[in-house]
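Quick one: structure below, then a few questions.
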Amino acid sequence: MVNVDEKRLSEAKTVIGGRRQARQTFGFDEISLAPGKITLDIELCDTSFILGKHKFEFPVIASAMDSVMSPASAIALSKLGGLGVLNMQGIYTRYENYENPLKEITEADNQALVPLMQKLYSEPVKEELIQKRIKEIKSAGAICAVSCTPNVANIYGPVAEKAGADIFVVQSTVVSVEHKSNDKSACFNLRDFIQKMSIPVIVGNCVTYEVALEHMKAGASAVLIGIGPGAACTSRGVLGIGVPMATSIADCAAARDDYFVKTGRYVHVIGDGGMSTGGDICKAIACGADAVMIGSPLAKAKEAPGNGFHWGMATPSPVLPRGTRIKVSSIGTLREILLGPATFDDGSQNLIGALKTSMSTLGAQNIKEMQQVEIVIAPSILTEGKMFQKAQKLGMGK
Amino acid sequence: MVNVDEKRLSEAKTVIGGRRQARQTFGFDEISLAPGKITLDIELCDTSFILGKHKFEFPVIASAMDSVMSPASAIALSKLGGLGVLNMQGIYTRYENYENPLKEITEADNQALVPLMQKLYSEPVKEELIQKRIKEIKSAGAICAVSCTPNVANIYGPVAEKAGADIFVVQSTVVSVEHKSNDKSACFNLRDFIQKMSIPVIVGNCVTYEVALEHMKAGASAVLIGIGPGAACTSRGVLGIGVPMATSIADCAAARDDYFVKTGRYVHVIGDGGMSTGGDICKAIACGADAVMIGSPLAKAKEAPGNGFHWGMATPSPVLPRGTRIKVSSIGTLREILLGPATFDDGSQNLIGALKTSMSTLGAQNIKEMQQVEIVIAPSILTEGKMFQKAQKLGMGK
Amino acid sequence: MVNVDEKRLSEAKTVIGGRRQARQTFGFDEISLAPGKITLDIELCDTSFILGKHKFEFPVIASAMDSVMSPASAIALSKLGGLGVLNMQGIYTRYENYENPLKEITEADNQALVPLMQKLYSEPVKEELIQKRIKEIKSAGAICAVSCTPNVANIYGPVAEKAGADIFVVQSTVVSVEHKSNDKSACFNLRDFIQKMSIPVIVGNCVTYEVALEHMKAGASAVLIGIGPGAACTSRGVLGIGVPMATSIADCAAARDDYFVKTGRYVHVIGDGGMSTGGDICKAIACGADAVMIGSPLAKAKEAPGNGFHWGMATPSPVLPRGTRIKVSSIGTLREILLGPATFDDGSQNLIGALKTSMSTLGAQNIKEMQQVEIVIAPSILTEGKMFQKAQKLGMGK
Amino acid sequence: MVNVDEKRLSEAKTVIGGRRQARQTFGFDEISLAPGKITLDIELCDTSFILGKHKFEFPVIASAMDSVMSPASAIALSKLGGLGVLNMQGIYTRYENYENPLKEITEADNQALVPLMQKLYSEPVKEELIQKRIKEIKSAGAICAVSCTPNVANIYGPVAEKAGADIFVVQSTVVSVEHKSNDKSACFNLRDFIQKMSIPVIVGNCVTYEVALEHMKAGASAVLIGIGPGAACTSRGVLGIGVPMATSIADCAAARDDYFVKTGRYVHVIGDGGMSTGGDICKAIACGADAVMIGSPLAKAKEAPGNGFHWGMATPSPVLPRGTRIKVSSIGTLREILLGPATFDDGSQNLIGALKTSMSTLGAQNIKEMQQVEIVIAPSILTEGKMFQKAQKLGMGK
């Protein structure tokens, strides 16, 4: 099975020079979805998503970013039918009163920002605050998902589980199959960790068939797909690393399908990052995602703790900050952004309504059918004409 | 025949990731037309277009959009030799006096626009106004074409026919071969509808060989090709859906030719949307279109009811508005835009003169010959140099 | 020979949809030149170009455009070692005193421009002024080339020859092999015309192997290659017509080589339009051109009659104007632009110095060797990073 | 070996027209790096680079450009663990007191710049100043590298060696295998020169397998790869010449590997120019570079002599200036730019930290392993959406 896949991939490679070959990859901007013979009433379109014993009305998970998910916004999102993830290494578990640090971040000017964030995030994480935040979310009747990086998962995992978390996310920019370190005690064994945990574990991020497959074999309930595509992420510029989303998702979805055929266990593939409109979410699912994790679209909610700003979790890195604080502006309530009604026409509101409309137009009754709709390669390149139009809309020029 | 076609299409597919394959598609900006061995005197170029018993001087149909076609502008266009379509679900059949709602739309500021349009278009359509508008057009001696969406076609079809309409258009974003619904009574059977109607029926929109072929088999006199390409359309951003026009038209033209070979009946293929210059119209026909339906180029006419503005018919959607109101400005009379003389040099005026000049340059005596001219792939990508020039023309920078 | 060629071309075609196939074509912005094993001292690089009995120091011909070539600037260019072409249907042969009309054009505002030019160019051409201009150029000791469109060539050809013109150019947007017309007397027979003329005849424009070959067979001394690429040309937008220059030149150069092998007669291929820098001229020759015809780079000369403006000869069309008046600004003398020294570093000055430097870097001793240097496909697409840099240089943004 | 390679390259060629074929090439903006199965602790990543008897902490060499390397900044860079090259034909060896000329350059306005630089660089180079600068660098305990063009290498080589230089760089835009000249005495024989020199000789620039191989055979210790990609270079516009970096480096790395297999001698391949971020440096190494030479990123250092400006060494050409002076601004100390900590998040600071982070993410323990990581083709083309975002960040429009 893998051999067949390897063969296929190698066939698609192009020589870029000397003996170096590379595969052509595709992002959301380079593909589009094509209608087929069947359309549906929108009422027939089922967007539900089941993870472990939890059923969600729609397959949208909010990123574990401080500008997106606070305890309060995680509760609000859960009540609407989605899932929010609280970062256990963010502001909320470092500060009892997190309003002030949030305020400082949103009010800092551009030059002062990175040093300020480096300072604010040097305050230690407190286990009692982790417990407190989880209990806040649970006591509101919401489903509670929390995240941390692999290096601290063995510490915070049991803490979160004991405090009542429903879903655990182990997430760093890249989670590999094997991590080499001189300090053997620091090595994180995903398989052992998952076996210890009694709640579903989501693991990420990765971008390849092979790594996704290994995470599935290690027992992950879902894998997060995406390295470097997000609006608040600058990995590609800083590190040269990044794989376009359409290709990453399709590759990892193939791993999911192969793993399912072999084992009968279905592990969800979650596209993470790089989606800014309803159209992008539709494309992610068409490429094979079972759900999506989004940050910047939800940072635009009135309930978002970033108060109109959005920043990445690598921004406060003391050595190599590589995120960006973006002014996203608040454009509506979480409900308006997810369920509408929309009053804007740019794809930023009523994301689930857009997904349902797209599904009805494409004849897909559920997410599995949406994963089969026709994709075409249709780059939305910037031509002279489009530039002219766009410039006029932006009010540039005379 | 279909098997051969399927085979050809599958050969052209590229792996975008995993087991997901996609076909490369092309838009007008990515192609250009190449002269051959023969040129013609412009007087020898015949642009006429025959639909049923009606002969038009040129193959340009105005979109059924409220900003483009009012009863008065439909009359004016018919007299010039073209065809305008009046939307039976627009402002003109909802309001006896439509000047005020039009004025409100063109005067609204950007933030108030969508809610205003949602309100204005919630006023019910009145059958007596449908009849009245058709009679206004007919009594002026013009050819009258009207349109509605499939869900109300069985109601408005007989009304329009009785009132004297010459051509009927059944149009929604996507008209499929099979529409699934829980409410069986709501299902629209195109074949039955066309059999009941005594006037030619145009159906759309679709983008694929297969669906176009099915509409032809159902009895359509013409099919409208194009999903998501128009200037006032944001389907691609909101829904992720859209197929570039050059590919869509060429695919559906192949369906037309195959259907003609099999049955001897010639069904017109009409490219709809995404054309802003004479050059785009020439390319649409070169790709295989028998005629084109255009909106924004005609919204620039002094006679256009949008008064310098243009908006899509999905903008007033109460749930998911996905059109845009664009300021297009009035640049000349309908006659100047279609038949010249031009005083601008950007391809926005004398569209038919441009088509004739292009035909004479390419050696095409009529539309069928124009469908055979050589096409080359020549993306008009925005390079650094072009960006620099364009920015200077726009007056950007210092 | 042609069969082989046809086979090669058809192999390179891509399906754009249905049964429509198109060939991938390339422009200057999509290619670059690659150095090889040899370099040369710049003194060894010979850029001379021989046409009939005339030898030119460099292979640059000025376009027959009113903003570029007046009698005075044609004289100046000839003395520098190049060749200028005077348009026999331009301002200079319509007006005894042409300073006023030139002044009106350069001082008109944008809106008034096209109607003004339509008016100015409706003044009839006068044969005595043709003779006068030719004699002015000849009496200054310059080589005199003049041009007209095919429909009047049989009239103006003998006039020009008699007045002493050295080279005759028959030029229109597209000169085909066969022109169909109801008015048989209006048909222009290129072969008959050339046989009648005792001076070399240059013919254009064309873009294909086949048409270039036919013009060669008809006796042309050189063919002009290029439809729609120039800075002052909007054919692609208005008519949808245009073939990128790198492909056009390479195709027609193949026709030249095949024709030479068969007949022993060498017909020059002249790339015409779409070149704005020294780098573009180098690429044109590398693609196979023996010489280039340029307009906008020379319109920037202090001697240029356009006085800092440049416009196309299709702009005054009474029916379908399709050129643009561009403000190019005067950046130096004709000598500085062609032979340097340069004081700008953007490739707009010392065009021949750039050509020689490029030849020395690429190891080409003469134009024929320059036609053999390695070309690579390397699109200069506008990336995000480049856009950022460019925007800063333009002073856009904060 | 070469035959196999030639065959592979010819297979990859595309017809651009007629009989002209060209190879598809790739730049840094068109590729990206993809993580694999393994990650590493950052402490395990070894970036060291050994040239002759000198070991450097990181594989970054500063360009021999006057705006980047003065004696003082060369000393500072060496102490940090890198290598700076002083241009023996720059300001520092023409003027005893170089502060004034530097000041004039940075304070000149745009129009006066090229003539000013032409004047300043017409001051002769003085051998005693060459000796003085080298001794300044050596006496500070730094490793000293100096450069000159091939035509004067036989004169300045012995001078530099005698003064104590550790590494010698022979560099011009293009160094070929064979240079043809009428003046035989002017011909530079690289093999003879290297044999005469007792210190390592770096040669450049070249871009092809064949020329790199010849330089290796001639005895070079390292070859510089890159023609025309740099920020301060306009070779592509002026001369039409340039090969994208990813392809050039991969081609020359193949030459290095083939040469090593045959001879057992390892010649370093140094990517030169066109890198503005840490991500670009990571990509250069992934394509096969052993080290990189960078200019503009280091011109941003507070220690850089350009004082916030950067210019190319071809700018002062008396005949054909083809560089650009760019305002780069000072963004931090040399240490901050190379070793961090970063306070910006755009990839311009902590370049070595970025390289190490990228290596740890990609599982590469050293430069040789980094040369094997997976590359994907993923153009960062400017789409409409990105343009919109970028324009907003730039503060363009309303």
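Chains: A, B, C and D, in written order; residue numbering restarts at 1 for each.
Note that contacts are C-beta pairs under 8 Å (C-beta built on N, C-alpha and C of every residue); 3 or more make two chains touch, one makes a residue touch a chain.
The structure presented is a predicted model; accordingly, all values stated were derived computationally and were not measured.
The two sequence copies chain B and chain C touch through a face in which the numbers common to both fall below half of the numbers used overall.
Among the other chains, the CA centroid farthest from that of chain A is the one of C. For the pair chain A and chain C, the distance between mean C-alpha positions equals 54 Å. Averaged C-alpha coordinates put the centre of chain B at 38 Å from the centre of chain C. For the pair chain A and chain D, the distance between mean C-alpha positions equals 38 Å. Within chain C, residues 24-25, 237, 247, 380-382, 385-387, 391, 396 each touch two or more of the remaining chains.
Taken in their complex, chain C has these residues touching chain D: 8-9, 12, 24-26, 28, 31-41, 43-44, 209, 246-255, 257, 277-283, 286-288, 340-347, 350, 353-354, 357-358, 361-363, 365, 374-378, 380-389, 391, 396-398.
Of all residues in chain D, those touching chain C in their complex are 14-25, 27, 29, 114-115, 173-183, 186, 206-208, 210-211, 214, 227-228, 231, 234, 236-244, 247, 276, 315, 318-324, 379-382, 386-387, 390-391, 394-396.
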